[in-house]
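Okay, handing you the structure first.
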Amino acid sequence: MREFVDTAAEAVSRITDGATVLIGGFGNAGQPMELIDALLESGASNLTVVNNNAGQAEAGLALLIKERRVAKIICSFPRQPDSWHFDEAYRAGEIELKLVPQGNLAERMRAAGAGIGAFFSPTGYGTQLAEGKETREIDGKNYVLEHPIRGDFALIKAYAADSYGNLRYRKTARNFGPVMAAAAEHTIVQVDELIEGCLDPEHVITPGIYTDTIVRIPSSSGAFQRAEDEALAAGRPKPCAAPADEAPAGGDIAPESESAAAGAAEQK
Amino acid sequence: MTDTTQNAQNTQAPRVTDQPLTQQELAQLIAADIEPGSFVNLGIGQPTTVSDYLSPEKQVTLHTENGMLGMGPQAHGDQIDEDLINAGKIPVTELPGASYFHHADSFAMMRGGHLDVCVLGAYQVSATGDLANWSTGKPGAIPAVGGAMDLAIGAKDTYVMMDLFTKKGDIKLAQECTFPLTGVGCVSRVYSDHGVFLLDESGVVKVRELHGITFAELQEKLPDVQLEDRTGA
Amino acid sequence: MREFVDTAAEAVSRITDGATVLIGGFGNAGQPMELIDALLESGASNLTVVNNNAGQAEAGLALLIKERRVAKIICSFPRQPDSWHFDEAYRAGEIELKLVPQGNLAERMRAAGAGIGAFFSPTGYGTQLAEGKETREIDGKNYVLEHPIRGDFALIKAYAADSYGNLRYRKTARNFGPVMAAAAEHTIVQVDELIEGCLDPEHVITPGIYTDTIVRIPSSSGAFQRAEDEALAAGRPKPCAAPADEAPAGGDIAPESESAAAGAAEQK
Amino acid sequence: MTDTTQNAQNTQAPRVTDQPLTQQELAQLIAADIEPGSFVNLGIGQPTTVSDYLSPEKQVTLHTENGMLGMGPQAHGDQIDEDLINAGKIPVTELPGASYFHHADSFAMMRGGHLDVCVLGAYQVSATGDLANWSTGKPGAIPAVGGAMDLAIGAKDTYVMMDLFTKKGDIKLAQECTFPLTGVGCVSRVYSDHGVFLLDESGVVKVRELHGITFAELQEKLPDVQLEDRTGA
């Protein structure tokens, strides 16, 4: 049965030593910071953690690693300018690292949630990261056999949950959330908002079947959403909308407007 | 490598010049070569600058692998929304027609070949299009791959944007990569300050443009690589 | 480049003899009936069709089969009380049938769209439908290796498209649409509504990158949606809502049942 | 087969009676055995009737594999919306908390073991839980499988709901299925008019309930099957 709890501490209280914990987020977007802090507080150790990175600076996952509570990390991009706690643990041989290309990481968790036994991915073929793995040529293209990554627990952040445990996310904070929710035995979600009643069934991103424990922890996402709601209600563009003269035309119907300029796209 | 327009050159700029291209000129050249209506992912660092030269009329849609199509320019001031970042974790904006999706869907979009072009940086590219851009292979370095290997095979065409020579003067185009590979046979074009090179599984490098270097000089730098002059010069 | 066309005939005009065509829909829900009719009209023959069924009664796919335009059909459930045209063609040896369990059908198209070379599925293991296929035991469970199903074209029905080709669907009419759109080289969509401007980016189900040709063909879905919109605007429950006394309580928080956000979030 | 509550019996009804259960009593029994808060898929036909006995307080959520959680009862009159149908293509209603998703996501939900229970009909079930329910194997018949094979393995527990005997009097529980299989070792319980049987890979059939048949009579019908009396009678 789904449970709604009042504190992050309660939410993570089931997590025991040796558990595999999928932790959502990409950068700060979608990162369940308060749940990670609660996990730190809980004392659970000998964890296997799956996250895109390996902790940054003096917060969250970095502190779990600093305290040597993470025996093994499965991630795509551990090395960052401020990943000093991971770096130290790794060089000391006190943490095991499984490096997985980011798309394979996502797809391997998707496979876990979808009951797929293994799949052939083209990503990484012919590279060091495929060494020792089974390969196969299919229709003239080379693939590497990849296996599911399952979690005992997932810690994710969504924007809102309704009383049925259905979730919606905000913008790129969606990232690993839906995939991890389905890949874990028990999914723990922190949300900015609890909706009384229910989300529109057409707009549910993670159906309640994938959520187990939900705790409301307001974060800055709520402030951003309120600013957006206010702007839309007042007939103004969303705050995050590119200036009109930068907006490119879309399809053949409304062929006006402008271009796209990305910020620096680091492959983190 | 499914480059069907290898000989296309959408700019009117001369194919052979005495001076190497500036970074701006190179970005401009790539932007001009991207077909109207394309879906494009621009990788780490230098490739990002291509977006500055994508004219609105071309209706190019930018993908960011952390789950968005229709990414706009970097956000500033009140535009900044911590839930809206690009793959470099920098706040960006949203363009009309944008859509959000989760990580598995986003990388499925790349792996499935739905993007038209990825533009990536490189340490080295081989004559047959092998790419090395994720690791210098230095012993003791902590490895980190991110989305590099997914991006390498993540579009109908993968373009590399790079300086042709390292600061030490080594050429970054080679018969075979000596750095750890990111992908095998995945690069179809190299856009460099010293020229544009079209690659395929034959290993014969078609030289489309040369800037600040002659064909003979290039061949001297690449004694083991078979070059074909397509500059028309 | 995406094209918006005026007629179903134009929409299907690229489909040539011998093409593999993925046709959406489950029952009448999501069935692109007018596109199928146009395909019939177009004369294209020797087709391979992928659909959940094999045509019913005297309409759509059944007529394509009746006229022997379908050389091969890949489906999960051909035999129905009113599938007489398929039955006749099949017994006459004039159509090839590939029977695929419904979930494998969906996942094999998903694999095509996602660039997966092949995958191990537990479905069908030990059955006639896995005969001749590679099997493997992984972690004590048995799987069958399944390969992608790609289309040259997809014919699907969505509820609405915006000018960027982004799609939304209605209720269970979503079914195979998003999967087929990604699995086909060229995706042709019939929609009830063309939205000027754009769908809310959070609610896009099929991003425009997957759509190629779009044609507006109003159908009964529009009438159902309008009735629903009117009811919600008037504060009444959706017509399709189960009567209150049939509604089970939802979560622990708000056991009242209200559809909160319905429809309110489309930007235009 | 991950049935962890094989001995649970949530009803207070007697486990041994002289008369076979009616279809209604059987549906009621299954409904009573479904744990509160479960996510359940009810197969086409007889299994559908189980929903009539799922009380709202149990908060059971119904899945239909054509892309919905939170399916309500059959729609009538003005409720009918052609875009809202169940796997049997019958118009249904929407309950609060419902959600829609596409076919691949829907079958991923089943294949991934997220549903608690699937209730299915059967032609035959073997002592080790093999299921035959998609084809009678008659020569010349046009095959059709639909979602049967996905449903067979599509939940933590697969329950079969069937008459124990065919109209011709053949028993449908057997040492081995003679009809073409739908799934191997997937059924954990058989709910029949003549009794409830718990299955596992051991092949020893635990007889939880008997109605209108004695243990001795059942054993006589199944000479090759090892039965274990768990009726407590």
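Chains: A, B, C and D, in written order; residue numbering restarts at 1 for each.
By our rule, a contact is a pair of C-beta atoms (placed from the backbone, for glycine too) under 8 Å apart; a residue touches a chain by one contact, two chains touch by 3 or more.
Chains and their UniProt names: A, C = 3-oxoadipate CoA-transferase, alpha subunit; B, D = 3-oxoadipate CoA-transferase, beta subunit.
Quantities reported herein were computed from a predicted structural model and do not represent experimental measurements.
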| item | value |
| --- | --- |
| Minimum number of chain-to-chain touching steps separating chain A from chain C | 1 |
| Maximum inter-chain contact count - chain pair | A-B |
| Gap in Å, rounded to a whole number, between the CA centres of chain D and chain B | 55 |
| For chain B paired with chain C, centre-to-centre distance based on mean C-alpha positions, whole Å | 35 |
| Rounded Å distance between chain C and chain D, as computed from the means of their C-alpha atoms | 28 |
| Where chain C touches two or more other chains, by residue | 1-2, 107, 110, 114-116, 121-122, 162-164, 169-171, 197-198, 201-202, 208, 250-251, 257-259 |
| Per-residue multi-chain contacts in chain D, two or more chains | 59, 61, 68, 94, 96-97, 100-101, 108, 110-111, 153 |
| Contact graph of the chains (line, ring, star, complete, other) | other |
| Interchain pairs in contact, sorted by label | A-B, A-C, A-D, B-C, C-D |
| List of chain B residues in touch with chain C within their complex | 36-37, 39, 59, 61, 63, 68-70, 94, 96-101, 108-115, 153 |
| List of chain C residues in touch with chain B within their complex | 1-2, 110, 112-116, 162-164, 166, 182, 197-199, 201-202, 204, 207-210 |
| Contact footprint of chain A on chain C as seen in their complex | 1-4, 107, 111, 114-122, 136, 138-139, 141, 143, 147, 162-165, 168-171, 194, 196-198, 201-203, 208, 214, 250-265, 267 |
| Chain C partner contacts - residues on chain D that touch it in the complex | 54-61, 64-68, 72-73, 75, 78-86, 89, 93-97, 100-104, 106-108, 110-111, 130, 135, 141-150, 153-154, 180-184 |
| Complex contact set, residues of chain A against chain B | 26-30, 76-80, 86-87, 90-91, 97, 99-104, 106-107, 109-110, 121-129, 142, 159, 169-179, 205, 220-221, 224, 228, 238-243, 246-251, 255, 257-268 |
